[in-house]
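Same chain, two partners: chain A is paired with chain B first, then with chain C.
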Partner chain A sequence: MKRKLMEILACPIDKHHPLELLVFEEKEEIVEGLIICPKCLRWYPIRDEIPEMLPDELRKENEDLPFFKKWKEKIPDEILVEGKPFNLKSEMQKKP
Partner chain B sequence: MSKWDKKRDAMRHYDLTAHIYDTQYAEEQIEKIEAAMESVNMEKHGLVLDVGCGTGLLFNYVTNKAKTIVGLDISRKILFQAKKRAKKFPNMHLIWADADNMPLKENIFDHVFAVTLIQNMPDPAKTLSEVKRVTKNNAVIVVTGLKKKFPLEIFEGLLRNAGLNIIALKSENLKCHVAVCTKLLH
Partner chain C sequence: MQKRLIRKLDLEMLLSQVEPHPSPKPSLEQYTIPADVAATILYIAAYTHNDIVDKTVLDLGCGTGRLALGAAFLGAKQVVGVDIDKTAIKVACENSVKTGLKNRVQWIAADIDVVHGKFDTVLQNPPFGVQRRKADRKFLEKALEVGEIIYSLHKSSRKDKVFIKKLKTRGTNIVSVSPSSFIEKFVGEHGGTIRAVYAMLMTVPHMFNFHTKRKHEFVVDLYVIKGE
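So, the complex of A and B:
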């Protein structure tokens, strides 16, 4: 994904703009990253250079959560706990 | 079948056929694109949206005539095919998204292409409404409709009810109607 795309991206659910961008791996384009809607706290993966901005009903927890966990050290706590459509709230509450 | 089930079906179908899509359908798709392009004038500073971009057969026709092109599709695997085409164009962006819930600001696109899209959507009127949301008031919108699914009167009625004004319509020797439209302003 090229950074310039952020200029026109909005949350597919509440249409909020601008969205926030976290970059995890970047070469000529962003290879892996996260796009966050600061209004509804939904997060959208960027994988294989493609932003994945599907509505909740078309997302797969078993594909998205492993990605989320892989990068959790770089994701703000608010999103880890309250992020939609999936988060790590129950997992984080188990921590001593 | 719910609308989401229909969308999941479309996702699966295009994921499964992505690798053979061009072999099976490129010729038919190019006929539609070329029929549309005969009635579309593009300026180099414009923003173009290709909704349901598939493998990106349209890219070659628009990338040198626009500032920015966005292609979106509901199938991840078909976007990987599109990515191979998009690589050579620095002004090309791809998004995995649903045409009824586009992750895009409103009122930004000068040209929108919805080629082989509405026949795959559970509620074509809703899809056209979302297409209108992201287009500028003076935008040109290309919509195709499979003749088997949309007899001409139904197709024209669908576009009219969506607030689109047909400025050119081609159907001859094609499996679908190709409409070039503008937005009706109230």
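So, the complex of A and C:
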């Protein structure tokens, strides 16, 4: 995904625009990253250069959460705890 | 940027390299537009109406990317393809690498609501609403919102053999027809105007269990619509 694509992306759930972009790995294009809706706090993965902005019912926790955890050092706390559709709230609260 | 006229045969050859969906779902009415039909649509858009070369093009419900890649090949400035099916988008991305067009097309795995802003041209082959009623309305609404000019493929109600024979025998395989009253009304209510309608014959191979014949042949209408 090219950075410029952000210009035409809205949150498919609440239609908010513009969205926020976190880049984790970038070559000629963004290889891995996260797109965040600042309004509803949904996060969408960019994997293999493709932004995946699917509705909640088509998302798979067992695919998305490992990706989310892999990059948690680079994700703001607000999204880690309150992010939708999956987050690390229960996990983070266990911490001392 | 390619400015020269591209031969239709070269376009068809490129489009025939585009791999179809490995496991199509009936509920999304996923079939790949035959290369000849895709080439005809793109040719009309590019050279009859001048809506592809140097334009920003959006392919809504792009599947494995045949129309999007064809538009890039003909010289669109930037092309974006959106499809809710992640597998289809992965194949589309592989197809763009295979055809050497990766740098010209961006793919998004998402519902069409994800698109914001304006494009010069929208190309779409929406679900016909045969399996899911009214499925094509949402596509028309979105296209009218984000597109200056829309090329939208719809299933025709024409089934008569005489008309089909006419489509088979004419050299160009396309016939100008009048719009369906439903689509005309729907487009009008959403601020659009129908510029032209072209009927063409679509032949898709047997794909799903409910297709009883080996080949499924039907008439489709290509609507050229001016957006709001």
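Rule of thumb we're sticking to: the second predicted complex is superposed on the first by the 96 of 96 C-alpha atoms of A that agree within 3 Å, B and C clash if a C-alpha of one lies under 4 Å from a C-alpha of the other, contacts with A are read in each partner's own complex, and residues count from 1 in each chain.
Following the convention adopted for this analysis, a residue touches a chain if its C-beta (ideal position, glycine included) is under 8 Å from a C-beta of that chain, and two chains touch if they have at least 3 such contacts.
In this text, all values refer to a predicted model and were calculated from it rather than measured experimentally.
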Original post:
When the two structures are laid over each other on chain A, do chain B and chain C clash or fit?
Top reply: clash
Original post:
In the superposed arrangement, which partner chain does A:Lys89 touch: chain B (first), chain C (second), both, or neither?
Top reply: neither
Original post:
A:Glu52 contacts which: chain B (first), chain C (second), both, neither?
Top reply: both
Original post:
Touch check for A:Met1: first (chain B), second (chain C), both, or neither?
Top reply: both
Original post:
Regarding the shared-chain residue A:Lys69, is it in contact with chain B (first), chain C (second), both, or neither?
Top reply: neither
**OP:** May I ask you to decide whether A:Lys39 touches chain B, chain C, both, or neither, giving the answer as first, second, both or neither?
**Re:** neither
Original post:
After lining up the shared chain so the two structures overlap, which partner does A:Pro12 touch, if you call chain B first and chain C second: first, second, both or neither?
Top reply: both
Subject >> Doubly contacted chain A residues - partners chain C and chain B >> reply: 1-2, 5, 8-12, 15, 17, 48-55, 58
**OP:** Spell out the residues on chain B that touch chain A in their complex, using ranges where they run on.
**Re:** 4, 7-8, 11, 47, 68, 70, 74, 76, 79-80, 83, 90, 93-98, 101-106, 108
**OP:** Flag every residue of chain A that touches chain B in the complex, lowest number first.
**Re:** 1-2, 4-5, 8-13, 15, 17, 44, 48-55, 57-58
**OP:** Sort out for me which residues of chain A touch chain C in the complex.
**Re:** 1-2, 5, 7-12, 15, 17, 48-55, 58
Original post:
In the complex of these two chains, what residues of chain C are touching chain A?
Top reply: 80, 84, 86, 89-90, 93, 106-111, 113-117, 119
